[in-house]
Structure formats: C-alpha cells, structure tokens
Amino acid sequence: MSAALTSIQDVQASPDLRRIAINKVGVKGIRHPVVVKDRSGGVQPTVADFNMYVRLPHDFKGTHMSRFVEILSSHERAISVESFREMLFEVASRLGAETGYIEMNFPYFVEKSAPVSGVRSLMDYNVTFLGRVTDGVDSHSTRVLVPATSLCPCSKKISAYGAHNQRAHITLTVESKEMIWIEELIDIAEQHASSQLYGVLKRPDEKFVTEQAYDNPKFVEDLARDIAVTLNADPRVVSYVVEVENFESIHNHSAYALIEGPPKEDELPDSRPTTQAPPSL
Amino acid sequence: MSAALTSIQDVQASPDLRRIAINKVGVKGIRHPVVVKDRSGGVQPTVADFNMYVRLPHDFKGTHMSRFVEILSSHERAISVESFREMLFEVASRLGAETGYIEMNFPYFVEKSAPVSGVRSLMDYNVTFLGRVTDGVDSHSTRVLVPATSLCPCSKKISAYGAHNQRAHITLTVESKEMIWIEELIDIAEQHASSQLYGVLKRPDEKFVTEQAYDNPKFVEDLARDIAVTLNADPRVVSYVVEVENFESIHNHSAYALIEGPPKEDELPDSRPTTQAPPSL
Amino acid sequence: MSAALTSIQDVQASPDLRRIAINKVGVKGIRHPVVVKDRSGGVQPTVADFNMYVRLPHDFKGTHMSRFVEILSSHERAISVESFREMLFEVASRLGAETGYIEMNFPYFVEKSAPVSGVRSLMDYNVTFLGRVTDGVDSHSTRVLVPATSLCPCSKKISAYGAHNQRAHITLTVESKEMIWIEELIDIAEQHASSQLYGVLKRPDEKFVTEQAYDNPKFVEDLARDIAVTLNADPRVVSYVVEVENFESIHNHSAYALIEGPPKEDELPDSRPTTQAPPSL
Amino acid sequence: MSAALTSIQDVQASPDLRRIAINKVGVKGIRHPVVVKDRSGGVQPTVADFNMYVRLPHDFKGTHMSRFVEILSSHERAISVESFREMLFEVASRLGAETGYIEMNFPYFVEKSAPVSGVRSLMDYNVTFLGRVTDGVDSHSTRVLVPATSLCPCSKKISAYGAHNQRAHITLTVESKEMIWIEELIDIAEQHASSQLYGVLKRPDEKFVTEQAYDNPKFVEDLARDIAVTLNADPRVVSYVVEVENFESIHNHSAYALIEGPPKEDELPDSRPTTQAPPSL
C-alpha cells in the first residue's frame, strides 16, 4: 500500500485504557469456496461459512478485521483441509495474537450404495472444522451432523403393529490427537442409528431400511450411549460431545440427549448397578 | 406535532418522476403482542410478526413507514382478530393508498385431550392472517401450518413389518367468503393425516397413535388430495392452496405436494379415468 | 433391476379415483454439488439446494420420488448450468408429466477489486435458477439476492451530520427470452445501491464507500424503481420482480418494496403527474 | 392412570448396562404461552420456546419425556417468571434426577418514548431464562438479545462525511446472585450502543438518533468492553458473557466480539499498559 494510503489514521491500532481483554474478536459468517479431501483419496469442492477470531489483549483498541478476510482471499479460490491448519497459525501471526480460532462449516457429500439395489447416490452432511492455536500450540475438533432414522423402542414394544420413527440429527464433536476422517465419524453415527439415510432408495431398498429400523429400535438415550461407548474405546479421541435430536413424528417438539466424554474418573459408575426405578408414573 | 417539528422537510412526500408505481411498500417483520379469539369463546394472547404494505402510485417518492407502526401502536398492547379488518382499512386510509395489505403471523395454541388417557395438553400451530383491501373492498385468507404424522403406504405395503413415518407439515391457505375458524382448518388437516400430534401422550396414547398411523397410511399426494376434496365441498371457500411436506425419515430431503383449488372448469377431469401408468421403472 | 425386485408392488402407479390433479409434486430441499459457468468464461463449483416437481394428472395415485433424485445423481457429481435445461426436460419425460419444474438455489461468488486499493476478494450471492417446462416448451427465470448498502435520504436531509445506513437485500427475479448472466443482474442491483459491498476493504476503500453511500442516498422505493427502470429498458426481459429489504439500523424491523414488471398497458401512468401529497403527518 | 394402562410395559424404566451417564436428556423446542412480570409492575403475556433436561444416571435406560410436558401443562395456560424456579425443582423431583435444566426463550416487549416527539411504541427483545438445579441448589442466568445501532469509528474518522452504521445484536448472558430485571440488562446494552432502536420514530426523532449515533461511534470491541466495565462493577453479577455482532453495512459478513467475565485474577492486566502496535498493515 502506498504512503498516501497508510497516512489514513489507524484507529484500531491506538491504545485502549479500559483494561479489558477480549476473548474473541473477528469476523463471523463469511462464505468462501473450499476444497476438502475425502477418505477415498479424492477432493471435493464445497462452500464454507467461516468464523475467525483472535484473543485481543487489554491494551489494543481493536483488531484489523480486513486481515482475516485477506487470509481467506490469499488462499485463492480454494481452501483445502491441509491449509486449514496453516490458516490458523496465519490468523494468530498476522493479527499479532497469542490465541486464534477458526471455525469452518460446510456441506460434505458421501457417495453411498443403496443397501439392496446398489443404486448409488450422494448423501449430504454438515461438517465443521474447529481449530484453536494458543502460544503456537494448536488443537482441532471436527463436528459432523449426521441425519438418520430413529425408531422408538417404547412405541414398538407397546403397539400391536408399527412403531413411530422419524428423522434424527446425530451430532458428534470430536477432538482428537491425530486425524480422524469425516467418514469415520459418519460411520460411527450411522452404525448406531436405527437405520441410515440415503439419497435414492428403490422399492427393495425401502423395504430393507423399513425392516432394519424396526429390528433396531433406539431411544435418543440409546443412540447417544452407543456412540459414546464407541468413542470411549477409540485411543485417538481426546474429548467429545454427542448430541441426538429426534424430530418426533408424534409430537411437535424434539427428544434430545447429550453426552460429554470421555467420563472423568469420579463420574465412572461403581460396580453395583442401581436398579431402582424413578418415581412411578 | 409542533410547527418546529413539521418544518423538517418531508422527503417522502415529494413528487417522483420515474413514473413507476410500487406494488407493495411498507414495513416487514415487526413483532407485536396480539390477542386472538378462539372457537371456544375465549381469547388467547400471543405474539405476531407483521408485514404491512400499500400500493404506492407512480407519482409519490415514498411512503411514510412510521405510520404503519403507529397503527399497530395505536391499538395498545393487544390487537384482536376483530381489529385486524379495521387495521387493514386504516392502513389504506392513513397512507392515502387505494390498496393495502396486512400479513399477521403468530403461534396459536389448541388444547387437546390425548386419545386414550384423556390427558390434556396444548398443541401449537403457526397461523397467518392475510388481508387485502382495494378501493374499499377487502378480502381475507387464513393460512395454518399443521404438523402431523404421515406414514408411507409404499413402505407399509412392501415391508414384512413396520413402515417409515415422519413429521409432516400440512399448510392450508384458504380465502373464504365468511369466517372460518382456525380450529376448523386444523381439524380438516388433522382428520386426513395418518395421525395427529399431541403435546403429551402417555403410553396407552402412544400405542393408539402408532397403530392409528399404521392403519392409515398416506402419501403427500393422498394427504393433499383428501384435504382438497374436503375444501372443494365447503361452500364458504373461495380459493385455497394445500401444501404437504414430509420430512422423510429415510431421506435427508422432503417429499412435497401442492394443490391449488378449486379446480377451474377446464381442469376438471373428463369421465374416463386414464389408467395408463407412467414409464416403468 | 431384477425381476425379483420389480415384483414388489408399485403402489404409486396404481390408479387414483379422487379425480384431483396435483399442481406440483416432487422432492424438496435436496443438496447436490453443482458447477456453474461464470461470465468470465470460467466455471465455479458450488453446492445447490434443489426442488423438483411435476404436475400429476388426476388419475395417478403418486409420483415416483426416487426418479427425481436419480436424475440428479445421473449427472455425476456436478451439474452445470447447461445441463439444467436438459434436466428439466428429463424430469418431465422420466416422470411421464406434461409439466415439470426445477428450482436450484446456490451460493455464487464474484471476485471484485476494492474501489481504491484494488485489493481483490470474493463477494457471495444467493442465486436461484427457476425452470418450467410445459408440453415441451420451457421458460426460465433467474433470481439473485444482492446484499448492498442503502443510506436513508430522509435521515441525511434532516440531520446536521451523518445519515443512517444499513445492509439491504436486493432481490431480482427475471424471466428472459435469452440468457442473462448472473453477473449482469448483480451489476444492475449494485449500480443502483447507495454503495455495493466487498469482502475486503482497506482504509482508503472504506473512506470511499462511506462517502459514496452518503453521496447516493436511496429509499427502498428509489432502489426498486431505479432497478425497474433499467429492467424495463432491457429487451431481453420478459417479466421481473424487484424486491428491496432494508434491515433498518434505527429500527428492529425492515423497510420493504416490491415492483412487478414490466407495467401492463393499463398500469402505465397517464401524462399528467399527480403531485397531491398523501394526508399530512 | 388405571391399572389397565399401567400394565403396558415401561421400557424407559428398565435398567441400562452400558454404564454411561447422560449429561442432558429431555425435550427441546416446545412452545407454550407464558406470562412474564415486567419492571413496571405489570405482566406481559408472550410465547416461549422451552428446552427441559435432566442428568440421567448411568443405570437408567431412559427418561420419561412426557413428564416434562406435563409439568408445562400443569401450570395451565400461563407460566409466570415466579413459577419458573418452581418448575425447575419440579423437573428434578418428578424425573427423579439430581440435576435439572430449563431454558425458556421468549420475545419480550418494552414500551419506549421516541427521544424528541415522545411518541410511544413497543420494542421487542429476545430473552432467555436459563435455570439449573443440582442437589437442591439452583442457579439462574438471563440472556437478552438487544438490537441496537453501531456506527464505525474508523469510517467516521477517515471519511470527509458520513460513517457506515448498521444494526448490531448485543447479547448479554448474566448469572446473578439476586434478581436483575430484564429491563436493567436492556438499559446496560442500549446505553453503550451508538444509538438505541425504536418502534416508531418521527422525523425529529430520526434526526436525533442519526446525530446521536454519529456523535457516539463504537467498534464491536468498544461496545463489548463498555458493557463489561459496567457488569464488572455490579455486585449482583456472578458471571457473564457479552457478545456483539455487527451486521456490517459495507460487508456481507459480521464483525463480532465476545468477552467472558468477570476477569479471573491472572487475567487482570498489570499496571503498565502495553502500547506496542500489532504488525503494521
């Protein structure tokens, strides 16, 4: 930039006297094209929504918002998952911050074969990469929202025929020591659902998933727990949150369950299961 | 308002030379408390989102946005359904317009008894009153979004057991010559659904609605048609749109159907039903 | 598909006796990766949300929902704007329908240079292609949502300094005889705004857009009319809707204007402009 | 409930062997009419969205979802702010849980006088009551989303005239030892904004708020810090989060700042303000 331009006063860089640090300051809701590597070795172009923040020490009046967007822009039209980590460090260094954050949310597609006919179609998932760097050390989480079928065990048990089922949203947020593929998290969620979803199902496929869901009833509690058991056993997982929301087909509200893990030492159940029921109906 | 205040120039009232009339101009997305009368003779307080527009002739630069909100405010804290028509005429007259529009969208509650236990709870619906006045003649529509259960006839037919079902949104928009209660439109939608929804269901109720849905499978096409048949037979109905959206429990997208009615003369089917199938799978 | 599979009953293809045609039936809210050609000769990958419908004659019980998705899937991972028209005809033919509809909504990016520094960054827009085919004749509209700055002429005129301004959403829906580039519609909207938006603005750019907006105040009415004048003069345009919504910075609601065009013969203003003001404040 | 009804098996009350406690399980997104007390001594009816959860010990298979809704329903049509605490304890006791949570989100209205004309109108705010009870001890937070005007100090400083401004969302989430009125939190947010918003502004009012905003420019950082200073000085406040999001009128993304407080001992700045600027542009 020319001297003429830089002579315009830089209000943001002036000192601040209120002595209050800002935990996060930056830009929110910027869309940008990205490219994400998938497990099959390919790459898929998609569009991401970015939030980018830094911690601002107490003695700076403001951050330089345009630099966040310049970092996005400097990666040309496409930001790959490799460059995500690079961008995280760039945010911290270019903004002169000890701590930086990037959240990148995007639709992600997985090609699936229908269970009987084998017809192939794409399923879409919402994925978020969450990165944080502090004093040069970065940590990363991946959040995947997996839509699935849940079928109610109570409804199945008490009804002469049929069972209410519905679309459920299973959301895994997993911090890991080493890379876990998006597809691995999707697999974990889908294997524990009553049934998984597909873009295209022919009639024999529809028969299959209908019967599979009926054979495999799950409460939100079951789904969350079965996923927690799997994540507890994965040595790469540092911490996780599992959420399951059923858009109940018999109510106009959701059933919801959340488990944070892994369990802390003092949260582990002792060896004697309590079997006393809650106050009766 | 004092002379001092009115001496501030009224930019909006100046003439406009582009010679383009504006179909709708006004305020959008204002929230205001309202009171709505229900069929049982009571009134229920709720909160509405208003859109209020007028047609602006080609020779006025702008409308007076604050007057729309003043009309809302002048009805104190509560706007009853009676005063809706009054407000519609007020919009046209205060804005000096031949044509005025009000849309008022609000959550509405109906107390229901669970089908077996009789336990009472509230169900919530989104309702919109749509009013239009032109040259002193007003017309009114009511839109009701009724969430319900739909159960797939195909899934039931082809599966050894079970059937996928899901929450569906049934939306009726009905223009009528005389008043139709919100509850009447809700009843029409719910009586044709696989099952209706409830706030509270005890286990015997859950058994009931599960079996009822299984006994009463409907495609989005069936639901839309069955409702259209009922509306076609109602002499109060001037015109309608029926929409049904299934949030499919086996897909991550919706099935959707829309019927506009009543059918025009030339849309009526002739007497020979065509039975030829569409190109096979 | 094998004989065993096709022996499963096709419920949707059975005859229907209610004698009610369905205006639109199909799938809603399916996401799929697409590739869109831009004016500069390049292509950009993005992600689209599809609605796909057909008109269903009165004597068919249901449509075949999976075929819509198969059409999407058959275009591999990417659907180009060229294949949109092809898909439209395919929807009608594969579903055995006289009338078919496709709506394809996607974020679209345009690289812009900041007005003074020339720094380049992407701006994102929501675009929708709307196609309809009836008896082999297709028609197409493009909808573009262009976010922009609007600055209030009244506030500027009456205030000693400053003027309230805000983000506005300008939405053009244009049906045309021949192709109009997305970028052309964006240009029309942006040239009439108080100022256009940018991804990155350095300080001299921020000075420029601030002063430009102040020099160029516009009501929602002005914006809508100025755009209508431009569209009325474009021989390619068959019909259009212009909407402008200001997310007012001094209110918690929007100012809104809508113009449908081109004006019909009897809507054209006569030669004597009316200058009488609406009832005074 | 009759013996016949209770003989239906209670699947949820059966023991669970996965030995995983569930942090939160319950119902999400239920709407219900409520009545909220305001500072002026009145009450206002409104409509709330509820989330209600309990912690589920590892040895219960499921919670009883219908009981949450029964608690809502048992409070008849209206739930007052007084009964919120009561409901919180009821959730824990009826579900047999040590820990219970209620979140209640609702639009709330405050009548304001325009700053010059004195014209009265309602302003709407989103408010959330967040309650938690553990082992009989409850804690409460209130979240208020206050829309306001923010005007950019940089744009004002560098421009010959004008300054970009926009609607901002200021969100305070405050846990307190004793009751803080919703109106007090609104006042704190509005007093620090460039200007507050109103339902109705006449022209002299519009002049006033335009000039006031210009006289009072604030970055998101300023707004968040000024509010943090006020909350740090309030002895009733236990902890808080302040968020400010500017829907920038010159960009299609937001500027955002978040401060968590009060500052911990080791976060307090030392006595020597650092004045070194971040790396230059």
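Letters are used for the chains, namely A, B, C and D, taken in the order the chains are written, and counting of residues starts over at 1 for each.
In this section, a contact is a pair of C-beta atoms (placed from the backbone, for glycine too) under 8 Å apart; a residue touches a chain by one contact, two chains touch by 3 or more.
Everything quoted here is computed from the prediction, not taken from an experiment.
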{"item": "Shared chain contacts [chain A and chain D, defined touch]", "value": "B, C"}
{"item": "Chain whose mean Cα position lies farthest from chain A", "value": "B"}
{"item": "Interface with more contacting C-beta pairs, comparing A-B to B-C", "value": "B-C"}
{"item": "Averaged-CA centre spacing for the pair chain D and chain B, given as whole angstrom", "value": "30"}
{"item": "Chain A and chain B: spacing of chain centres that average the CA atoms, whole Å", "value": "35"}
{"item": "Distance from chain C to chain B - Cα centre to Cα centre, in angstrom", "value": "24"}
{"item": "In chain A, residues with contacts to at least two other chains", "value": "1, 8, 10, 30-31, 69, 124, 154, 158, 199, 201-204, 207, 252-253, 281"}
{"item": "Of all residues in chain A, those that touch chain D in their complex", "value": "1, 6, 8-13, 15-31, 51, 53, 56-65, 69, 93-97, 153-154, 157-158, 219-222, 224-226, 228-229, 232, 245, 252-261, 263, 267-269, 273-275, 277-281"}
{"item": "Touch list for chain C against partner chain D, complex", "value": "123-124, 147, 149, 151-152, 154-155, 158-167, 195, 197-199, 201-204, 206-207, 209-211, 213-214, 247-253, 281"}
{"item": "Complex contacts: residues of chain B adjacent to chain D", "value": "1, 4-5, 8, 10, 30-33, 44-47, 66, 69-70, 72-73, 77, 107, 109, 116-117, 119-122, 124, 199-204, 207"}
